[in-house]
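Given below, in the form of structure tokens, are the structures.
Same chain, two partners: chain A is paired with chain B first, then with chain C.
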Partner chain A sequence: MSTLLDIQDLRLSFKGLRGITDVLHGISLSIAAGERVALVGESGSGKSVIARIVLGLLQETRSARVSGKVGFDGAEINTMRPRDRAKLRGTEMSMIFQDPTSSLNPTFTIGNQFAEVMRRRDPKLSRAACDARAIEMLTEVSIPNPDRILENYPFQLSGGMNQRVMIAMALVNHPKLLLADEPGTALDVSVQAQTLRLMHDLVEKHGTAVLFISHNLGVVREFADRVYVIYRGNIVEEGPTASVFHNPGHAYTRALMDAVPRITGAGLPEVPEVSDAFLAPMVRHDRGAA
Partner chain B sequence: MSLLTVDNLSKSFSVAGGMVHAVRDISFAVERGECLAVVGESGSGKTTLANMLLGILSPTSGSIRFDGTELPAKRRASHRRAIQFVQQNPLSSLNAKRSIGASVRLGLDTYQIGERAQRWAKVEDALEEVGLPREMRHRAPSALSGGQRQRVGIARALACDPELVVLDEPTSALDVLVQARVLRLLNDLRTRKKLTYIFITHDLAVVRNVADRVAVFKSGQLVELGETAQIFTAPKHPYTRSLIGAVPVVDDAELDLRNRLAKGT
Partner chain C sequence: MSSVLRILLRRLGISVIVLIGVSMLIFAIARVIPGDPARIALGPNASAEQVANLRAEMHLDESIFAQYGYFVSDVLRGDLGQSLYTNRPVTTDIVQFLPATLELVIFAGILMVGLGLPLGILAARHRGRWPDHVIRVLTLLTVSAPSFVWAVILMLLFAFYLPLFPVAGRLGDSFDIATVTGFLTIDTLIAGNFSAFLDALSHLVLPSVALSLSGIGQAARLTRANMIETYDKPYIEMAQAFGFFPSRIAKRYAFKPSMIPSLTIIGLDFAAMLGNAFLVEAVFAWPGLSRYGVAVILRKDLNAIMGTVLIIALTFLVVNILVDLLIAFLNPRIRHSTRASS
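Take a look at the complex of A and B:
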């Protein structure tokens, strides 16, 4: 498998009123074409900024300093011209956000928003062609009466429906990489489970690589082939999902796993306070081990 | 005698185009010292029920009895003090313009608890009880982390010396490590202060480990009520089974159990 996303020694700091804050301390992460990779960590660990760097958004923020290598499909995102980076967004890579209802534009119909996305790849596309393709995508995410949905505004649909619309929209241009930041966290568990299964099948069918950002270990276990665990701007553990879950090697990963309440009812775990062991060097699992 | 008895409770709202029946004909009782979990999806009526218990909404029909007396639509201060509330989002539930201490003290002043001169000490005791430093009463909510804010929310409720605490998704906004600590704290406080909890949540894995009994809500109706151990070994209602079937799990023992329960065998 060829490497699609290749991040090497990525560092990020923000310049603020109280001097410079380091956020990422040399992150290396790679995703092969068609691979589903999860990035797990607590809030503030730096997981969402990685997605924003891959999209090329933080490089354009004046207070942010980004260094290191972000290779995408043979090109280097960090040194690219802003115009070229903008061209990649929505075409070669796309993003799904946590709350679907607030990330769709409330003033345009679903059909309008689909057309806008599709014309990023092909500006000359007719509205009829856009609608036809949108209906095809909406059918793939099991939305009933897709032709009617195109006339609707986001607020007329339920959260679960909007999430499916977002997934369809993110995949309509056949991106090579999908960035999913806590998808479905705002939804009910059963709706979340459904949409994740749907997204899983869809990216598998289209061969889309996914960077799946989440704090929910259970969801990650079901979705990803490989896992990175991030703690305070450092990757602390990396490996195939089964291997990391069966045999967590890093103190922080173990603490995370222990802290998750189980439906088998082992009681509430004693959670260690933040310890120096959490800052121990990264643990890497061999490929194919489980 | 049960601490709380709810009989044939209903609440309807009239909206454009008809009526919404948010809670329909619900009856259950909560025993002193137990933790009853209320689970269900959004829109199932969990929060409407909580608001009726707290006296924020008045029921359309039915009755709520607390400690043997029926609660009127307009609550007396003693009842408001005895039934306290811990909210989901600790940032938006604390007044940003007030110090932590002032927020915690508000209940003490409202219900005239203790001597005026001793109230700041009581506030600091309450903070200490939830594992926060006493001097934190001078800080603003914005200076605290999410876990600390939720502890303040708990301290605020407990400072009023309640008998029943209604917790609405108290840990859903927190990271797993923080969540685990706050859940332990809630458990310890319940035993230590002999509290009764109504724990509203959508997270069944949390429910399994904190609740004595579980009430499952669907579209405003109570579809299953039982001991936690029984719900997680032999759920009876298909909806309960489907809820358990959707729980994201992290280990193989859980996966086995979940798949077995979801299938209903």
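Take a look at the complex of A and C:
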């Protein structure tokens, strides 16, 4: 298997009012094509900044100093021109976020946003072609009546529904790498479990590599092939998911495992893929805040 | 669309109530201020009998409630009464003077939106860097003085010391333009007189800039603040993660959502220019409704006062309704709400 993402000795510091803060102290992490890798660590340990570096966003932040190597698909992200980095985003790599509803643009319809994303790959794509492809993709994430969803605004859909929309949007351009930063943590546990299983099946089918970021070891257990444990900007443990679970080497990993809430400690709760709750999630919020 | 219609109907209902309230209030105040309107109108040489006749004709000896009743029944027939100052129907006066004020205010509004919003966007996109600093200092300057102060400053600078623009009025004396709309920039074009059009435009520059300067500053600062707040929203990060160009993110992801909270205040600022126009018109001898309003108040010309106030209140309300509709258009949450809200 070829290596898709190859991070070597990645260091990051921020220049602030009170001097320089080191955030990453030489991270090495790699993901093979089609591999699902989890990055687990407590809040503030440096998980999200790694994702932002892979996307090439932090390199463009003035206060951030990034050094080390970030190889992606044969190219070197850190030394790339900003516009070449931007070309990779949304096409070769994409990202899904913690809170699906607030991560979608509130003033455009789902169909509109799909079209925007698809035109990153092919700017000349007609709206009809975009819609057809979006409907295909929404069907893949088991959304009923996808043609109607295209005309909805994010606030008209439930959080679980928006999560599926976001997954579909992130995969519509067939990226090689999907970055998932605590996806669905804002949703309730059963909805989160459903969508994660869905995401799992989908990336497997498409052969998409995933960097799955979480602070919850239990959530990643069924999802990832391999796990990296990060603690204060250092990788403290790495290995196949099963062996890290059965034989945690580092004290911090054991502490993380003890901290896993019981409901997910034994893996994700069993929720049938198509339940009543799933078929009727199109909550219409009829009133604005006013 | 039905929700937009509902907003419209509700706003129209509120507007009617506001108009009734304003008319009652001004009606009462105008009659409380000292001075006998009939005596003022007829002058010191009129006989007591003439004054008494005019008072009777104006129902001034009846109770204030009866007077308001006459007023309402006249207004419903589209009759605002005679002005004792111009000796013409008040409606005729308004038709003559209102377009000059509207032209000035609309021009100032175009400047406010056309300059204020882009400056705000520019500052927000380059926040913390020099374009932001320059724009913030300049806009702080413009909002820190009221429009009549700017009127005097601009007049001194660009009409006296540096005579680039005319000092006063709407049009040079040498032009004779037939009135069609009352908007000179439009009427001159209708007349096909391009040099008159340019002259009218040059007369508009200083008053409309003076009137709009603080509005430009307000709009820019507000747009900047709301846009910077929007830049922290997760959907901006999502847009960045999808590799959209910064200019596209600014326009579609940061500007549009941030306009929704800004618009209400910008709309109010625009309506407030109607009031500020009073002083700016005074400085530039602009023959608009404001000058008329001041003149009729000093003469206690009751009908003309009522007419002027009502038409300004009406304009204010129309602007507010337009802003509300624009917000509904921009905000899908309002447009797509299906149930009546309380």
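As a working rule, the second predicted complex is superposed on the first by the 260 of 290 C-alpha atoms of A that agree within 3 Å, B and C clash if a C-alpha of one lies under 4 Å from a C-alpha of the other, contacts with A are read in each partner's own complex, and residues count from 1 in each chain.
Everything below uses one rule, namely that a contact is a pair of C-beta atoms (placed from the backbone, for glycine too) under 8 Å apart; a residue touches a chain by one contact, two chains touch by 3 or more.
Just so we're clear, the structure is a prediction, and the values are computed from it rather than from any experiment.
In the superposition on chain A, A:S103 makes contact with chain C only, while chain B stays out of contact range. By the touch criterion stated above, A:A255 is placed in contact with chain B alone, chain C being left untouched. By the touch criterion defined above, A:E42 lies against chain B but remains apart from chain C after alignment on the C-alpha atoms of chain A.
In the superposition on chain A, A:R89 makes contact with chain C only, while chain B stays out of contact range.
Residue contacts after overlaying the shared chain place A:G218 against chain B, while chain C stays out of touching range. Of the two partner chains placed around the shared chain by superposition, chain B is the only one that A:S190 touches, whereas chain C remains out of contact. Looking at chain A, you'll find no residue that touches chain B in one structure and chain C in the other. If you check the complex, the residues on chain A that touch chain B are 42-43, 188-194, 215-219, 221-222, 245, 255-271. Interface residues of chain B, counted against chain A in their complex, comprise 41-42, 146, 175-181, 183-184, 187, 202-206, 208-210, 228-229, 232, 242-251, 253-254, 257-258. Residues 233-235, 237-245, 252-253, 256-257, 260, 330-334, 336-339, 341 of chain C are the ones that touch chain A when the two sit in their complex. Interface residues of chain A facing chain C in the complex, by the touch rule stated above, are 55, 57, 86-91, 94-95, 97-99, 102-109, 116-117, 120, 153, 155-156, 179, 284, 286-290.
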